[in-house]
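Order of writing sets the labels: A, B, C and D. Residues in every chain begin at 1.
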Amino acid sequence: MRLPIVLIGAGRIGRIHGTNASADNRIELRYIVDPVADAAAGLSAMTGAKPVSLDEALDDKEVAGAVIASATKTHADLIERITSLGVPIFCEKPLDLSTSRARDCVDAVTKKNIPFVIGFNRRYDPDFARLHALARDGALGNVESVQIVSRDPSPPSLDYIRASGGLFRDMAIHDFDVARWLLGEEPDEVSASGSSIADPAIGEAGDIDTALITLRTPSGRLCSISNSRRTSYGYDQRVEVHGSLRTARVENHPETWLLVSGDEGRTRSGIKHFFHDRYAEAYRLEMRHFVSVIMGSETPRTTVRDGLRALELADAAAQSLKEKRTVQVQTAP
Amino acid sequence: MRLPIVLIGAGRIGRIHGTNASADNRIELRYIVDPVADAAAGLSAMTGAKPVSLDEALDDKEVAGAVIASATKTHADLIERITSLGVPIFCEKPLDLSTSRARDCVDAVTKKNIPFVIGFNRRYDPDFARLHALARDGALGNVESVQIVSRDPSPPSLDYIRASGGLFRDMAIHDFDVARWLLGEEPDEVSASGSSIADPAIGEAGDIDTALITLRTPSGRLCSISNSRRTSYGYDQRVEVHGSLRTARVENHPETWLLVSGDEGRTRSGIKHFFHDRYAEAYRLEMRHFVSVIMGSETPRTTVRDGLRALELADAAAQSLKEKRTVQVQTAP
Amino acid sequence: MRLPIVLIGAGRIGRIHGTNASADNRIELRYIVDPVADAAAGLSAMTGAKPVSLDEALDDKEVAGAVIASATKTHADLIERITSLGVPIFCEKPLDLSTSRARDCVDAVTKKNIPFVIGFNRRYDPDFARLHALARDGALGNVESVQIVSRDPSPPSLDYIRASGGLFRDMAIHDFDVARWLLGEEPDEVSASGSSIADPAIGEAGDIDTALITLRTPSGRLCSISNSRRTSYGYDQRVEVHGSLRTARVENHPETWLLVSGDEGRTRSGIKHFFHDRYAEAYRLEMRHFVSVIMGSETPRTTVRDGLRALELADAAAQSLKEKRTVQVQTAP
Amino acid sequence: MRLPIVLIGAGRIGRIHGTNASADNRIELRYIVDPVADAAAGLSAMTGAKPVSLDEALDDKEVAGAVIASATKTHADLIERITSLGVPIFCEKPLDLSTSRARDCVDAVTKKNIPFVIGFNRRYDPDFARLHALARDGALGNVESVQIVSRDPSPPSLDYIRASGGLFRDMAIHDFDVARWLLGEEPDEVSASGSSIADPAIGEAGDIDTALITLRTPSGRLCSISNSRRTSYGYDQRVEVHGSLRTARVENHPETWLLVSGDEGRTRSGIKHFFHDRYAEAYRLEMRHFVSVIMGSETPRTTVRDGLRALELADAAAQSLKEKRTVQVQTAP
């Protein structure tokens, strides 16, 4: 029997997870839960899953896994409720905008020992995974520094900005996780600078749109993160790891392999435009991983603790930006 | 209702077409015909189609299309039989190894006015299609020359070689079609040189493994085709078009976006290894096109005449290789 | 008549300037001053200039310009003495390790209105100059951030480290200048992090070998500088400017244009190994500029104030590293 | 004493050789011979050499070498005269437009055993030399095919075309030499196709402007040469060698290292515009080589026989173009 799964949230990210889940023939995407009836119906048409209420879905005792892709503010409550039922969870980042609530989630998941995967998609991208393998297997020598460039093509709506928890918790949170993963050591110092130079309205909404973050680990490894909500040429996603023996980097993925040469120079296509095409394969592999976790053949590669840790670094960055100083972070759980 | 389709041939290429056909929800892949029971059963398991005999499949009067992916020697007979039933056909290249039989196919298809798509996959590759659009819309100016590099990673078995009709009819036939398409004018002169330097056993089997072919059109456009059955670093597929205003080229597709730098230089991954991964998207789009042709919303982009014309150029190349002279080709049908 | 010039310092950098000066047929490199007789003699043999004492050189009232390429600790005294003679000066960076002495230099040069060029070679590099032109002429739109990677291939001797004034004043000083130039606005906030992870002996000598520096300007432009004394694959010199319309970057210069492809991937040569080959053309153009300044046909592109300003940013970075906080810098002179 | 040298011809190519010779401090460029007084005077001003008549130059018994950079039609007579004086010769390509006269030159040089270097500049280009070394030292495995793209940016004047001996003898002659050098085996079959599609006036002048040439060696190695007198984006000079183990290629040299990304894609600068900048280093090294040959420390890397052999291949290509057949060539001298 295919394992029945419920998807909570049928918005932009829910559709990605729903489509990938329905293509994995080890499971059955049985239910879709979304208060917006049209969204639920649309995704139902694409996947064959049944739009139901949350209660209805969770009343089905056969449900073997839940994918949480709803609004951030609902995550913690959902995690606690579904954890109490003993059902494995995949949850989109972030756990919550509050580290306190995020700690509640870690406690709940840990106490019940529920299989839990947080949706840090970068770790499932094949190129990022190869980069991590090079760093871990010694091919690069001792890791000395990591450089992350992570820039969106264009800012989200101001409504989104206002509910987002700010650039550090909403956008850089992926990069905090990548940094921890590639550094191979927990950062204990965070400093950040930022501005709203790309779109002053973002500044008026109390957020920044451009940021530079510096992390330092106890052994002296350094990491720079460069974020922007706006990039003229697409979704700029580059990471490089400088080791004592070699440097490795993942470059942007172009849209085509065409090169046109003339008086004006030699022009290539732009790069992949946004996360859904740049990380399409990563989303697919992350959902496959969750199914494997449900089935017991793999253990979570991105844990609930990873979700909390990235949030703590985001908090530290926000504090550093405000207080104009380096903020110390605990490295032990 | 989904249109029922029959797939003839469940080998390497049949599996590609079968998988793509079964993913197109406008059709139903209803039957698979292959005398090798295991092959038919395997693909049946993947697609849900029913393994049947050819007679059984063709007796179903609902069948709206046939995909021919069986051995080359069966193509012409199948085309004639299915054409007589009035069923639209997708046929893998080549039509036949004999131009005479290929002309029979053209006659049959033309007389009955059957929708017919020949499987010249390059034309459906998004990058090749963009290159063609640049050449056709004037962005490159007048097309002056075309350069095609088309090299396989490693030679097929000698059994395959012996039944293949030779490098020109089996492998270069794709490139003859690409040349005609990009030149925008029928070549009227063909010359070819070749050797079996990569694998002498291929020479002993009466074929060559490395070739250079030159085409010339009446207005003086030139095209070079460089083929090899063996390439040390993968499936080398590059095309460039030199126009009076600009040059455009399609480059090889790399396997990853990782760059590793050290004492040894700066190393990138290899390129896509063979046709099934390099042209995966082209195969998908070519099957979608066939379905659209069946449904009447598109007209064939690669016609039965294209299949014949490429074969005539292959014949001319074989004659040029043998007689060590430039061979004239008719440009009118 | 060719204008007579004196070169003070015949070490590594002195030889570069001496060779370039002797190839400019608008001037005559008349004197070389270096207490190390062998160094002076060697460069004399290459250029035809006469090795003399400083007094002897400055007693020649025809001397039309002085190139200071001696040890950093001698710069300020030389600048004051030569300025008092009214002779135009080219001085290698930095002016001095102390901002107080550097201010003395600015005062002396300003009061006497002496033509003075500081050796910030990056600004004379053709690629950097094109990047700056793009930023200034509006092709990039509003400059939002600048990213500088500036990494040496291998650490200098510990003796050099100890006399260097530290990574910020010795190495990053070039990058502070590039940052100011490309940002187009004076930074008013500096923060820095660092470690001696590449070579612990550098840490024992009281310095760092790896650093991340963040600059911010009043309008919110951000700049990251990544420095290291050790890079596994050569002299890593990359700069990118993100504007509201476009991003432009200068990439590393490879040693060759060879690409070798095989089982192991696709490998290119390493990059230029160190400053003398990467910036050879910049050094040539900077010396030509100085000669043009002497002749009155150009005004200094890198001024004594630029020399002071970069040093103030270096001081701020050192203070930030020590105090773990963002340091405010005056933007007015 | 510096060895006195005479330069014959102060035109475009003469200025390159004259400048390089005068920068080599092992020799003295003593005389310049050119019937165009202005040309001689101009180069004299740059190099300090004395403009004299040919007789005057050759009367100086100290002359240790002659550089022939005059019009092609004067080469053979000059070679015979200077050879009879026992003076080492550097001669620009081609020896002569007639293979018969070229054979006279080989005979004269051989009989008197005169050190003689023909100006096939590609062999002195550092990247081409590295490519050759890879092919020779086994890193590529057995050489199977060579692909040469050699395209000029824009056609010369029709007067030049008429006196040039045709594209094969004037332009492709470099590529015939490169082909022989990289194939490591003498070609014995030549076929060629061509047209005057870029500029019909070249066709009216009896020449072609676009050509494809195929060479084959006795062991089955193949070489394609693609030539054009016009390229929209600069001086297109690419060579690749396919071996049984690896493929290596030399790519075009860009003018800058700037990359500009925006809505329009990712644009790099154009490539080096023509031979004087693309092969500047090759010209320098080839003149250094000639001086070393004069001094006896090196033996000619490009011999008078190489000059003849390339001409024979050019003749065969012209014959193939005319007779539309593969032309056999002797491989033994």
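Side notes on the structure shown:
Rule of thumb we're sticking to: contacts are C-beta pairs under 8 Å (C-beta built on N, C-alpha and C of every residue); 3 or more make two chains touch, one makes a residue touch a chain.
None of the values given here were measured: they were computed from a predicted structure.
Between C-D and A-C, more C-beta contact pairs are found at A-C. Taking the mean of C-alpha positions as each chain's centre, the chain lying farthest from the centre of chain B is C.
Distance between chain centres (mean CA atoms), chain A to chain C: 41 Å. Each of residues 232-233, 245-247, 261-262 in chain A touches at least two other chains.
The touching residues of chain C, counted against chain A in their complex, run 141-142, 144-145, 147, 149, 151, 189, 191, 193-198, 210-212, 214, 216, 219-222, 224, 226, 228, 230-233, 236, 242-247, 324-326. The part of chain B that touches chain C in the complex is made up of residues 232-233, 254, 261-271. Those residues of chain D lying in contact with chain C across their complex are 126-127, 130-131, 134, 139, 245-253, 256-262.
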